[in-house]
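Got some structures for you, see below.
Here chain A shows up in two complexes: once beside chain B, once beside chain C.
Take a look at the complex of A and B:
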């Protein structure tokens, strides 16, 4: 009888870089991302210096190449909406301020090194004071992703926010 | 990402699963992830999952987005809500699946967490929860307990605690 032999488990969540903000900033950038993984995961734990939304920009592309669809709940009502032809991808519409629990974002970027497909991203954004959210984002480009920039819609990310990037091995 | 501990419920069930019942969660990671496969005795298709930290059920708050049998909604409450398990009215042998993510578990600020999960049922009535949670305590997390909110964990329910180590601080590029 044929027997399938599986490789032993190996670590697949490879830490690439963490950025901890020593000063307020409107964006953080992970550059020169190695092309040796299948997917990327970015984990952000941050507060804003004002009410803001989180956005992502890949390869510094500020063209109208991002679209998204989201569902959100603020503790009393659910909402859903879509955005097209944006100059950056929406990863969180949950407002965050300097007080209360941090905004937590987990952003998955699938097949980021592929050159034959548009890039799909899944974002989970949560803040216990404002709501829970899931967003699907598309970057209309077949270029391999070499940099990831996390921006705010307005204002700055506050001091102490952490942004960690991981490579995921298939 | 490394597995720290896996606990599987034996015959007779269990009120809860406690990670690191002896000793503390290692302080060598940055974030924690818990993957849960639960079925509880609650006579309903779904049951809420609750987490307790460092032996305490206090100082929690959350907001969640849910979908359930064609309806959607959003709620807020003050316990450690962490998505869904299957209740004992779900199809036999099905278990709900949930992921709980706790970043910066050793930090000296309030701990946020997220959870996403579903109850399983081979019929139209099943559920999905997305939860934004907060444990408003500044102590490092040393132990975590996971349980069904309204029912006892049934045999073969299982949960695994993983540790995730972030990369070193790099050069910050800001604009």
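Take a look at the complex of A and C:
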């Protein structure tokens, strides 16, 4: 139960990769993620080729192993809903637009390299025309995360969308 | 890098290299009634903000629990805190407490949750060492089976931060595997 104090402190929040779409794509994948960090943070800023929502899939697992609970506000009323046994995790039900303000998602993937717990994720999503949202997501697997895929619910992420992945030590 | 909300507000701006530092980590190898990050005053010259990244579970006989946070060992009624959360059916403004002896933040898993399920919280402590203002905290946290939560906290004291104590809200123990990591966001040069 010892606490480790880092002296000197350790610089972290390390940029691992940024993907900028040169062509429209229905998914973006960060593969071969190093296991030398404890948490991952993914920042996505993207328009859609059509109205779409954001999803996450870890280690290419397309089984019904994802659940989530969200709350969101759309300018008129707040709503909350939960999803169970999904084939991908919902990180944004706020639909991105095809023009104007892009969908912004900041996704925290906690303890991704640990093998003693299911993976919990926290998402904050915003799109200026449609609303703001927060989501807790669980991937029911104790496997270490080696790949992260950001999917669309339908259609493609538009050209120019950026997806950046950071690693945080602990 | 940047505290959670600041990053969100900045639309994904990236701070300069070496601006976000790991200061300390505790991963529980046995249950504990609380954990404390102490001697934080040593960080005052170099850091503006702190961030706690936590993945946890308590022994509360429920699917979830919250955590209580106290600063500098202050057990007086010097804290205020609020919450907003979604529970899968509605969005709820939690009870506002304006003179509490601790601040509550959500949400860890509890003993009734299926094995291997932990909740997570990312908690920002802003201007942690400034002596001209009360200390403000905010968090995003949740567990997918229960709720997603936004919390805010206020410690009504201008003292620079020296310690952070974390304990279960309703349970009596933080359980094995729970992880608490403290980070510093550097001051501008």
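The rule is simple: the second predicted complex is superposed on the first by the 161 of 170 C-alpha atoms of A that agree within 3 Å, B and C clash if a C-alpha of one lies under 4 Å from a C-alpha of the other, contacts with A are read in each partner's own complex, and residues count from 1 in each chain.
As a convention for this text, a contact is a pair of C-beta atoms (placed from the backbone, for glycine too) under 8 Å apart; a residue touches a chain by one contact, two chains touch by 3 or more.
Computed from a prediction, not measured in an experiment: that's the story for all the values here.
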Next item on the list: Give one word, clash or fit, describing how chain B and chain C relate on chain A after superposing.
Entry: clash
Checklist line | Which superposed partner A:137 touches (first chain B, second chain C, both, neither) | finding: second
Check: Where does A:12 make contact in the superposed view: on chain B (first), on chain C (second), on both, or on neither?
Finding: both
Next item on the list: Could you look at A:20 and tell me whether it touches chain B, chain C, both or neither (first, second, both, neither)?
Entry: first
Margin query: Under the stated touch criterion, which partner chain does A:169 make contact with: chain B (first), chain C (second), both, or neither?
Written below: second
Next item on the list: Quick one: classify A:38 as touching chain B (first), chain C (second), both or neither.
Entry: second
Check: After lining up the shared chain so the two structures overlap, which partner does A:28 touch, if you call chain B first and chain C second: first, second, both or neither?
Finding: first
Next item on the list: Run through 9-17, 45-53 or 117-125 for chain C and report the one that clashes with chain B in the overlay.
Entry: 9-17
Notebook entry, point to check: What residues on chain A does chain C touch that chain B touches too?
Noted result: 11-13, 15, 43, 45, 71-73, 78, 104, 106, 124, 126, 134, 162, 164, 166
Item checked: In the complex, chain A residues that touch chain C -> 1-6, 9-13, 15, 38-39, 41, 43, 45, 67-73, 78-82, 104, 106, 108, 110-111, 114, 116-118, 120-122, 124, 126, 134-138, 142, 162, 164, 166, 168-170
Item checked: Residues of chain C touching chain A in the complex -> 1, 4, 7-8, 11-12, 14-15, 17-30, 32, 35, 37, 53, 55, 84-91, 116-120, 122, 140-150, 177, 179, 181, 183-184
Item checked: Sites on chain B touched by chain A in the complex -> 1-2, 30-31, 61-66, 72-76, 101, 103-104, 109-114, 116, 130-134, 136, 164-170, 172-175
Next item on the list: Over in the complex, which chain A residues touch chain B? Could you list them?
Entry: 11-13, 15-23, 25-29, 31, 43, 45, 71-78, 94, 100-104, 106, 124, 126-134, 160, 162, 164-166
